[in-house]
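So that you can tell them apart, the chains are marked A, B and C in the order they are listed, and the count of residues begins at 1 in each.
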Amino acid sequence: MRPLSEPIVRVRKVGKSFGEHRVLEAVDLDVERAQVVAIIGPSGGGKTTLLRCVNLLETYDEGSIRVDGVEVGYRDGDGARRRPRGDRELARIRADIGMVFQLFNLFPHLTAAENVMLGLRKVRGLPKEKARERALAWLARVGLSDKVDSLPAQLSGGQQQRVGIARAVAMEPKVLLLDEITSALDPELVGEVLAVVQQLAKEGMTMIVVTHEMGFARDISDRVVFMERGRIAAEGSPAELLVRPQHERLKTFLSSLNPIHALERSE
Amino acid sequence: MRTAIESLPFLWQGLLVTLEVSALVVAISLVIGVVAGVGIVYGPRLVYWPIRLYSDLIRGIPVLVLIFFVYYGLPALGLNLDAFWAAVAALAAFKTAHVIEIARGAIQSIHYGQTDAAKAIGLTFWQRMHHVVFPQAVRRFLPPWINAVTDAVKGSALVSLIGVVDLMLAVQKVIGRTYEPMPLYVTGAIIYFLINYTLSSLSRRLETRFAHIRE
Amino acid sequence: MLDYPFNFSYIWRHFDRLWSGLILSLELALVSILIGMVIGLALALVYTGGGRLARALVAAYVEFIRNVPLLLLVYLVFYGVPSIGGFSYGPTTSFVITLSAYSGAYLVEVFRAGLDAIPRGLIDAGKAIGLNAWQRLVYVRLPAMFRIVLPSLSNTYISLFKDTSIASVIAVPELTYGAQWINFNTFRIIEVYAVVTPMYLVTGYGILFALQQLEKRFVIRR
């Protein structure tokens, strides 16, 4: 049980290498309950890798990642002998961490409702009718009541992503990880997805959001983190980092963005 | 032509043997092939290399060579099999290698994002296999596998070369009596054609039906 | 189990049969694939360009060949056709005809898929610079198609090389026939197949490797 003072996600000195290449270096990050933290930065900078370490879709070589007091990757925390967690333990930990993917990753052989129900039935152990009830409720919350029995192939990108969000949130996770969830969407579909996420944030969902959409990051997050070359280069409030950036390379990064993603220039 | 029709009962017996050989080969290769295919994808290195070696070696030689070796060679090493079982063993060994490749392809063609998403909602390895991987893998496995079944039926004709009286050898025996090769070869061809064409149409229909499942 | 007195000397004594058999197998496969390519390409063009009747005829040919055992086709051509045609030909000629027709049927599909896979933009570009249909075929579509199908052609050749073993049943002196000859005349079954199996394997993988090198140099991959 985590001490009340500990943030719900606690990342300490996390490091990771892919062969010769150092992907993450001494990363420290805290996320408090009901907080939204946005991670921005150039591609290859380690943002997605860090996010994927939180639910151990990627392993981390050094440091510690704790979600609600539990070390995600290893059995004895950051003790000397780090024994990797087994499949069942990982499954249990991951059940409480939700993730929404850039490429949606909906299960193509299941309908929207079945996609949302799978976790509820097999992981939360709900009987079929109850699971369907919950799934339908969540699909209604994301505005897809009329598509519950559609297959992913019959849905637009924005609709698929909203199913992806419903699928993750229906599990009632302690923290929601969003990995560039609008990057693969046509511009006109981005809005409907961001609206759903904004609503979730208002309702107090703890989130870590990796994104290229600076307006979204400014509007939704309590804190913004700028990552580059595997390290956190700057950190602060949205105003500090996005509206009036001080950090040199951060300024360079922001000005290099496609205007579609950048903040509107309202000086 | 009349002799062809009169010989139909004899051909029928041969056809039964053909179907028997094919069914055995298909069944054995399906079971071992799928297990080995899954093993090669998810198993440790120790399991991967022998299966890989087996698959590449067997597929690199003509099936006829394998049949001759099993039939003539194993007795020399002390293993005595009658022609029927030697043929089934050789054909099954050959087909298993193909099934392994089909199974492997079916599983590996599933986008890694699927297992990511399955892990993210907290499913265990076997749950992921059961609910996410296998349902998708089966749909990708079936069309090419049905083609492998037609290959097995065609390959069964080779058992005639070591004396097993299948449809092929039945056709030749009748020709030996009637001295009219063409009508009988054509009859035999039509029978093989009907069996395999039905199977391959099924495969094609499955492929279009499953197309909407694939992303 | 291994009460077997291994004796490879018999094999080396008759190795010339194996070696010449191997060469013959390669040649049979080569001739068959060349003729097969002509047949396959012609029929693929007929199929993509032709009307319903043409497509049905091509499909009938392809489906027949692909659903009947090669062994039966070999017998049909070697024993069956002469009996109604009145002429006769040697086993090697007969086998080449059979294998060419066989490979032609498989190559129709390869070429058809290759033609379909050509990016529309390439053909549009050809139209835009004023080439007529024939010129587009020769200067744009066929070259593009060959680049696309080269890997399939390599695999087909290697398959045909292995299929030449069927020729042994009509006494064509290729590699498997040589192996069986040695088997029946010296009873050195284990030794002969211990030699012939690597011969097939090394040749097969050798060709694969060589063709892959060729592909790298001549095929522009995007």
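FYI, contacts are C-beta pairs under 8 Å (C-beta built on N, C-alpha and C of every residue); 3 or more make two chains touch, one makes a residue touch a chain.
Everything numeric in this text was worked out from a predicted model, so none of it was measured.
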Centroid comparison with chain A (C-alpha atoms), farthest chain: C
Most centrally placed chain - per-chain CA mean versus overall CA mean: B
Best-connected chain pair, where connection means C-beta pairs in contact: B-C
Distance from the mean Cα position of chain C to that of chain B, given in whole angstrom: 21
Where chain A and chain C are represented by their mean Cα positions, the distance between them in whole Å: 53
Centre-of-Cα separation between chain B and chain A, whole angstrom: 46
Overlap residues in chain C, where contacts from two or more other chains coincide: none
Contact footprint of chain A on chain B as seen in their complex: 111, 113-114, 116-125, 127, 131-132, 135-136, 139, 212-215
Residue ranges of chain A touching chain B (in the complex, touch as defined): 55, 57, 87-88, 90-99, 101, 103, 105-109, 118-119, 122-123, 151-153, 164, 167-168, 171
Contacting residues of chain B [partner chain C, same complex]: 57, 60-65, 68-69, 72-73, 76-79, 150, 153-158, 160-161, 168, 171-172, 175, 180-182, 185-186, 188-189, 192-193, 195-197, 200
Complex contacts: residues of chain C adjacent to chain B: 1-4, 63-64, 66-73, 75-76, 79-81, 83-84, 162-166, 168-169, 176, 179-180, 183, 189-190, 193, 196-197, 200-201, 204-205
